[in-house]
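Next up is a structure, given as structure tokens.
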């Protein structure tokens, strides 16, 4: 993460504050910052979402675009299911050191984290539905995330934005019929119905998980750490929880200290509690975001979602 | 000095801080002394001139016999080779710290004002060091991002070995001159007092 | 049609290349009748072999000998690690030393297809995991402005999560051998969930079949978990149970490690 | 002056010319000549020069990359300004250092203020293989500027070191011929840079081209060329 | 795509516009909060997001110029921007050309002498690509620079123009731009004195026709200038309201 | 990284002062080109151009390849300009990325040759969808003393007109490529010959103008403008990238001047090809 340099006095203030249950921006240790969600601003992509975590207009800002492409099956690949390819890119507007090749290391870390949560079948997406014709053609979902600003809690914002983008994704319908070519062999053929109205959503997008990152500061831990708090964190634990209250992935980060096993089970319990509230909040925001998706006006001014102020 | 040689691995509880002092190779965490390296546990009876606290606590430390790699700390005496010189500073590759070899050379610089204690502003780098000289110096600070700051102000610090233009090794004839025995040419250096 | 973009440095291969056809000898189904293919019980670890010492392993590229090195075997997994340091750090900070890790699969080491000599994204990420797992155990404040480098090479791997935990054990042994100050030895162990049963130390076949896998790395003396990674879906109580059994097996691995290290000190390395 | 002899790198030079016989006379070897295991041989291709009395030997070669030597006048361009001096590009491997105090009458309080890009005429003060060269804009013994210092106005162009050396040794007929026709100021640096200044730009351009063309002409052709240029102007 | 299909007999173009009609433009300043200045600019389906930082300390000090600021432009195309997803390599020449054009255009427009030894960074993200990339990048960068409060001689407004069947057409979209027969002229001007900051043209156009194609493009630039002005006023009014109440 | 060697202040001031009086440092008039020497070598498609001290070598070769699937009947024109072996200091190619100048020159020449369809690619088709000629143009820059673009464009056009490809006869599915000495080779069919003319602008608002700037003038100029015209008076490309903004009237004046320049450059190419 872009390293913020804090003086010892500031660090001490934050640590003692957290241990007394009081944080720099007035939040309790388990309160999360306000989230604003917009979908559908990239009309050429099959699904897109912009998620910004942070109150008073300052915060982590992530834009995710989902593009579906048909891929021909090759030997060695799984037979009857599609695949998801994640790719996270940090823009130099987030931090000056991300210019040129500066962001390679953090891109790899975030891409692997996103792939671990959303990539496999533990994400709840029904990959079998993505297969068009077994051993012949299948859908590939390219999830491209662009991190515009880093103000703490990038992992959570990334999963929020990806979940919103996948929920908003529309795949064109595919018609499959068997064609017997001249040598009498029946072969399945498919063609993509290129019609804006006739599109279907992704199966199982509802069961996609949400992630919460717990940062250990001093002896206590906080959720959704701000940039200053992340600079002071000794260890952090990212827990991805699915709507069915299952744990999809756990990953510990942070270089300075490990954490006690007892704290671990406490954190997983709090993660479940928080997850319930997060899913409720997500559905409310997503509903409001899709209202803004601009289906109303005739020529979809999909750009408008950037235009009104957050 | 009673020392039953018990081999300990890092992280082993050795004793309480009330009973022992923690020596090299150990660390203290909430009142307990733990071993921090793989070696033999040794207990050393308190020497006469330890600090004047009332109870004389024996020192507990862990000893390792194979070479331990040293890193430069403030005040340690180093041996290094001059790599480059420019009018303001000489950059030195530090090879030995307090007579322990370094794993790889550390980078240090001797600023022109740290060469000599007296008449600091009359010192000329060209008359003090040349690339290739071996010098003995003292670490005066951890320095900047890349290199440690060294000083050769003491008499026993400075050039200990140098080669003349003609390529033969020279002998110090005064604190600021060295002579090439073969070609009798004299070159100016800031020499270290030879330690008899 | 030869690529029309001119890449000055790389020799472009033939435009079309096809997968070599090979028939893999179908190995035994992992969990046939409840038991495991190689007859181990559910929470039994594979046998561990360790060898530390100056010449255990010497990567060719480095002119000076490593300050510590270790060779570690666990079942079919074989890993070598060389530790250099404390030495001049690139991005050094004056208060604390830094620890840097480099992880590399040997091209022949694993079953899935690998591109030689180009670092895959997973290798970069595992290097980061190893750094974050080992760093809490090293007394970095004893080495201000210096840096400690560990180079890990996987000679043969059998089970992705098992390989990562074996690599952590191997680095711990190498650091102890190098005489670098540690708070404690880090021991790691991995498990996989198969038909709602946790199986410890799974090989590649068992891991492919399982719904979820998890690994824990732990410092027993301070009872601190330095790294925890779970991939796959589980119920919360299953995760707690897994972490519990995994910590116990970490303690067993820790015992093996420290017994070996003590023995290696008694008769100095040959 | 011994007859001019062209030598190639590696040729052995027999120094035992018809000078007086004390064998142990000390030879002084200038640029382009070196002692390689007991023999004096040339290390640069060019014309061999020797000065019998002082037993000096040197080779004049027509190279373009300037190697600073103490005492040589050079024309440099200020590239950057550091705390204790200017970094001046004189066409050598490293940029030269021009200390702030190396000007006539410069004291700690009133130091000269040169902008980046100004052209200076200076003398090489320190030049050794180990450190960056240093130049000065005054004669350090007398403290007088003796013509060194900032060159304002006029035009500067680059030429080969051989031509620059000939221009300085006032052997170049082209300067005398031009001098009789047009009044102009000139500053020649041994680093192959010549500075010319006249009132009208046209004459400056004419002089610059005349000097550049005169490199391979002998004295008579030079005078002829200058005469034609003057009429045409 | 032969010439006839580009313009229908009654003079309508592929996307239904007249010959001298601009695409729908909507733009807004200060969209990103951590950037000193930012702008989101949409022209038809081409969408660009620009962040401006500076004047600030250059990352490697050897590049700092003594007497003026250096401008650094980084232009990257989001993988999902084009219809078929393609990740472009960093050394792609077309990418480098656009960023060097933007850099040189604004070196003439920004009063760099006021900020010596500093660096102004312009990071451009192309979110969606439907022709007129260079044109939208310049307009968006102008808006972001004005939002960042960096002193400039004047706005820089860019517009493209082409020539089909003897009639000059304004503001080419992707289809018109990529068809070889249509000459594609991009011009960027300083609206006050009408001087040309940037002029690029590809594929053939008779020298006599250059005059009126340029005029049409300059007309387009003036229209875009008004749009940018509105966006700046909106942003300024927002700020004023927030400050006053 | 070699820092571009900036001209000194007095060189800059002298050049402007001389330019106001219509004098250039190397004695040329403000609209004159440097001496242009075009040498065609005996092997087809190899031409060297010397414009003053700027020297560019252009080499054209061809081979038979499979066409792009979406354009089965069109041949390919490939193109590569490599400045890295240039003998000019100050080119920062150490960072691996092509330097700004290399991008500018190669994109300009690509635009001149490919976008303006100078070569008739249909004529390069042998068997539609199967085999087409792929013509490859390589530019090597030997010495840089200003105005690489004009020298490169002249070298490219001369090389393309000088190049001959082996003759081909087709019967049914087969295509026979005749050896050079069996049947004399066939020239490429070239629609038109675009030539670049580069102008340099000086002074605070760019009103001092000159043609074919040399290295010193290129470093001191505040703005530059390149116009590409062919013999049918059609503009093939325009490029004014940044620098001080110019009045539109200046652009018109440049077009007129360029028209005359293009004609006599074309004559010089014609002479060189005849020799």
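Order of writing sets the labels: A, B, C, D, E and F. Residues in every chain begin at 1.
Convention: contacts are C-beta pairs under 8 Å (C-beta built on N, C-alpha and C of every residue); 3 or more make two chains touch, one makes a residue touch a chain.
As the structure is a prediction and not an experimental result, all values here were calculated from the model.
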| item | value |
| --- | --- |
| Between D-F and A-E, the pair joined by more C-beta contacts | A-E |
| Chain separated most widely from chain F, comparing mean CA positions | B |
| Euclidean distance of C-alpha centroids - chain C vs chain D, Å | 66 |
| Mean-CA-position distance for chain C and chain B (Å) | 37 |
| Inter-chain centre distance, chain B versus chain D - centres from mean C-alpha coordinates, in Å | 48 |
| Junction residues of chain E, two or more chains touched | 90 |
| Complex interface listing, chain B residues touching chain D | 85-87, 125-126, 130-131 |
| Chain C-touching residues of chain B, taken from the complex the two chains share | 7-13, 25, 27, 29, 34, 36-40, 64-66, 68-69, 71, 73, 102-107, 142, 145-146, 148 |
| Of all residues in chain E, those that touch chain A in their complex | 24, 26, 28, 31-35, 38, 40, 42, 45, 47, 49, 51, 53, 56, 59, 72, 74, 76, 78-85, 87, 90, 121, 123, 125, 127-128, 238 |
| Chain E-facing residues of chain F, complex | 1, 3, 96-98, 100, 103-104, 106-107, 111, 115-117, 223, 225, 229-230, 232-248, 251-252, 255, 259 |
| Residues on chain D engaged by chain B in the complex (per definition of touch) | 97, 126, 128, 130-132, 134 |
